[in-house]
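Following this line, the structures themselves.
You will see two complexes here that share subunit A, one where it goes with subunit B and one where it goes with subunit C.
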Partner chain A sequence: MTANALRRQSFAGLPAGSGGALPALTLVGLFFIVPVVALLLRSVTDPEPGLQNYAALFGSGTYVRVFFNTFLVAAVVTAVTILVAFPVAWMLAIMPPALGSIVFGIIILSMWTNLLTRTYAWMVLLQRTGVINRALMGLGVIHEPLPLINNLTGVTIGMVYIMLPFMILPLVGSLRAIDPMTLRAAALCGASPLQAFRRILLPLSLPGIAAGGLMVFVMSLGYFVTPALLGGTSNMMLAEMIAQTVQSLLNWGLGSAAAFVLLAVTMALYAIQLRLVGAKRLGGGL
Partner chain B sequence: MTLPFLSIRAVRKAFGAFVAVHDVTIDVPKGEFLTFLGPSGSGKSTTLYAIAGFQDPTSGDVLLEDKSLLLVPSHRRNIGMVFQRYTLFPHLSVAENVAFPLRVRRRPDAEVKRKVADMLALVRLEKFADRYPGALSGGQQQRVALARALAYDPPILLMDEPLSALDKKLRQEIQTEIRRIHRETGVTILYVTHDQEEALHLSDRIALFKEGRIEQIGTGEDLYLRPASEFVAGFIGNSNFLPAEHLETENGTAKVRLADGSIIKGVKATHALGRGQKARLMVRPEAFRLTPVPGNASLAVEIVDTAFFGDRRRVVARTGSGDEIDVRPTSDTAEPGGADAASGRQIFFDPATAFLFPA
Partner chain C sequence: MKLILAGVLAGLLAATAAKADEMVFTSWGGTTQEAQIKSWAEPFTASSGIKVLQDGPTDYGKLKAMVDAKNVTWDVVDVEMDFAIKAAKDGLLEPIDFAVVPKDDLDPRFSNEHAVGSFYYSFVLAWNKGAVSGEPTSWADMFDTKKFPGKRTFYKWSAPGVIEIALLADGVPADKLYPLDLERAFKKLDMIKSDIVWWGGGAESQQLIASGEAAFGQLWNGRVFALEKDGADVGVSWNQNLTAADVLVVPKGAKNKDSAMKFLAAAASPAGQAKFAEASGYAPVNTKAKAEMPADVVKGLPDAHVDGQINLDMNYWAEHRDEIATRWYAWQTK
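The block that comes next holds the complex of A and B.
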């Protein structure tokens, strides 16, 4: 080992210069890891030691329905977000970079606006006597107000809007990496625009779709504000249920168990995705 | 008269006020290897893109077997193309890349399999069928691209500087491959390059582009031995241009006076020049011979530098008027310089191999 390499080794065996990460690591340790462990403990000790909280969670039709609904909403939101984001990402990828960064800035700008404000704005737009319904009735397109709020439609609209930047960002990266000449080559090979999309563009953008899709899905699973304000009682999501269990029912044990299940599912999904993308990289030469 | 196979008629491409291609007209017979040669920005690639359908010409027409291609979208033109950059599909194996044009044409599996095998044999990459493009060298990738472009038997193959990203040795190797493949398949090839050696090596005919126009079109020999302009003479091969004054033209040969005062008689008169008009005399470096004895069409020079290049020597000579001349005698001639280098020497050339262009 050279003298220089020796000097770069700190006494703790960490690379030199990693001391600056200490505050952030402390924060994560104190305010994330410790509470998560406390949560896990509480879910198996409150009100008494045992797995009765988990049994209650999976034994009750109501709670299982909330779980199912949570995954349904997350899946629908993810699918719709991918469909809406793809054309935008493609446009950004083929735009001149200067113009693209302006458009992208506008998209990012929406992320800096307060989440609650944006969700309330959707309430104003979507409710029975809201702007959209009144406009459509005024134009004579519909005669009865459309049920746009307090149901899956409302939650999907509100959440897709919030999730879009998280989908567009990884997708643009993925699409920018595709040489436009590759698509010209596909066209000269005889591929119609649809064939070129399905056989070339889509497979090549899969890593971006997977990365963005997982991010949106995981964020949607734990989303609270938007489903609570735009959703209905019949399609309550897990985060809302946890809040109710803890705040209204004061059942900390059950709430902890539900929160822990959500965390475990999220981590499992993440592990699966890592493996899938990793395997594809090895086999597909991407 | 038979109709030309591919006919490029008065194709013009303007980008705003800038005209990239000025009314280019070329007829290409079936099976020809035609190269568009020229410096970058001379309009050669733009002309090729008009044939491929990537850029619609502002005016003019492109006819294949007397039918216009312009209204046909790229994917229905049935043209093969190899690009400058590597454009293989990274998520498909070599075999699937070659199969791609057949798959989008919904050809039966058995035919696809047979054709892919034939094509990979043609470019000698049978052993690489299951590799992915990322695991191939640049030269191998371009050979796969060639196989992919030929898999559907296109009537025309377009090649847009396909070898420019490769090193010199590999370039020559693949040039030889391309010649063989052209011979074996008989496909009509339009090839774009800025490398004159590549153009000379590959082509039946060369169209030399300059500023959006074709300066001269002909065989490599035509362009080298009978250049139509100073630009052609300067672009193809190495040339010396000596300032000269045209004295008179008689019976198709001209008499000129060079800047050092020497009179050269018997230069081919290809351009009409007036008495006393300023001109430039072009002599190829290999046309000069070194000699210790003065004679006709000989110049007294001083040897400035000499270097050995295997088959040839390169000698830099300076005339009495200070013009430097590049001389390339074969290396079996005696090395110039030595004892009498300082005392000066003579170089001479056959005036019939020289060209006179208006200055």
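The block that comes next holds the complex of A and C.
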């Protein structure tokens, strides 16, 4: 070991090469940590020092309901996204690489289109006079338009569609890491396909599911445009409520408190998941 | 065309001048701001040499943050009048310099010490003729799901309008609306809650009615005017039309206050108001503007429907904004 390498290794006890992380850390520090601290300060100082914003927040039936809605929507979206993404990810994992990269390209391509445009497209499809309802009524399948929009159904459809790539990507990673021979071995030992799925594939892909699920869940918690356009007021999510509080009611203190509680709850959930799944496996799935 | 060219030229000249005078105008974007640029900003730049930079959309949170931080980058902002009254009370606005802005011809309903009217509008009852049989004639019809089945659309945010509509539909006389009986209004709204589709912005309201997604709606008259111009098959009832206004304000500590006042004078002038009204279908706040407008445009303005017209009480709303909003969102998210 050269003296130089030795010095680098002993620098603050960090492994060699940690210096390369500095730009990223600075960026996160400046543009994430600092604003979050400012947010926290604002929530306990605006309009006057104290915890009155938090008292107002938890004392307000509206905010509590909106919090509950937000987590409900995020949970439903995450669950449905996992169900839809799993078969796609499995197919991608076992496909010949050349074909796989084409399918992959198609999935990624959707992410390059403007979010608002995609959400408006869903409005056109889902509304009472929309393509889907017209087609079904024209075929005589239904006589009354199905309520597909301005409710939880609409929000779920629109958000699952947007979240799919974020679930598929980590899932493919962890599925590809599974040796296909394990499944063959299971079959040879007399396991039915369902058993092989439940006892081999599912446990081994859990890190990917956990990593993707966490990402989708956390992203869903802060979503604004899609719930606002495809949901009804009874599914109002926190982001929209905070925007109203700040933009229209000029109540920065209450808005900050709500944003901070959302952040804290999200972090807590993340910590719980780390404990359950383990940081290493979670990281390995990404 | 000539005027636009002149405006562009003047703008270029101003830009090349050593001490180019500039100011920032902020409004809501879309067709409204386009009309404001054409009717106010471009002629103003042509005559004064002051370049008007555009920003938007209006955001009250941002406005307050700018004033609080003493770093105000907006010089003139288009806001709703109830907000303007509240903001003036909170010390967020500069007083209007009426030595620069002529006051005499301004409609006193829509201007005050801290605000000059931008335009005024009415909430009207509009419907899709293909989706409705018969003609709804009053707000009460919008609450009668037996006689008029179908979805109805209302303005989503807590603002003057929907509460009053519910009370009128419940039989409250127009002169007894204030103070608002929120309990009674929400009880009335509960009757049709599951039939309501909310619109959050003007374009959405047009889309809902034009497509028949909602059979009826409470719309801004300018948006119905635009639908009719586009040939959509819509009906409109002006019975009990409810007036409200947008006003122009100068945030406290605006960097180009003098230019801002001059801009206000141009925007509120008879010519500026007439041009804007013609382009947007919203009504002028300058009483002399109508003389400069084509007769068929005048016919489509809220001014032509003063019979049964009701002025939403902006002062009442300014006073009770937060309290009503709290109740509104509690009810809406239930």
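Keep this in mind: the second predicted complex is superposed on the first by the 254 of 286 C-alpha atoms of A that agree within 3 Å, B and C clash if a C-alpha of one lies under 4 Å from a C-alpha of the other, contacts with A are read in each partner's own complex, and residues count from 1 in each chain.
Quick note on the criterion: contacts are C-beta pairs under 8 Å (C-beta built on N, C-alpha and C of every residue); 3 or more make two chains touch, one makes a residue touch a chain.
Note that the structure is predicted; figures quoted are calculated from it, not measured.
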If you stack the two complexes on chain A, which partner ends up touching A:128: first (subunit B), second (subunit C), both, or neither?
second
Which partner does A:117 contact after superposing on A: first (subunit B), second (subunit C), both, neither?
neither
Tell me which partner A:195 touches in the superposition: subunit B (first), subunit C (second), both or neither.
first
First (subunit B), second (subunit C), both or neither touched by A:186:
first
Subunit C-contacting residues of subunit A that also contact subunit B
none
Residues of subunit C touching subunit A in their complex?
59-62, 64-65, 90, 151, 156-158, 197-198, 200, 211-213, 321-322, 325-326, 329-330, 332-334
In the complex formed with subunit B, which residues of subunit A make contact?
179, 181-182, 184-193, 195-196, 199-200, 203-204, 284-286
Write out the stretch or stretches of subunit B touching subunit A in their complex.
52-54, 73-81, 83, 85, 87-91, 100-101, 103-105, 132-135, 145, 148-149, 152
Which residues of subunit A touch subunit C in their complex?
60-62, 65-66, 69, 127-129, 150, 228, 232-234, 236, 241, 244, 246-252
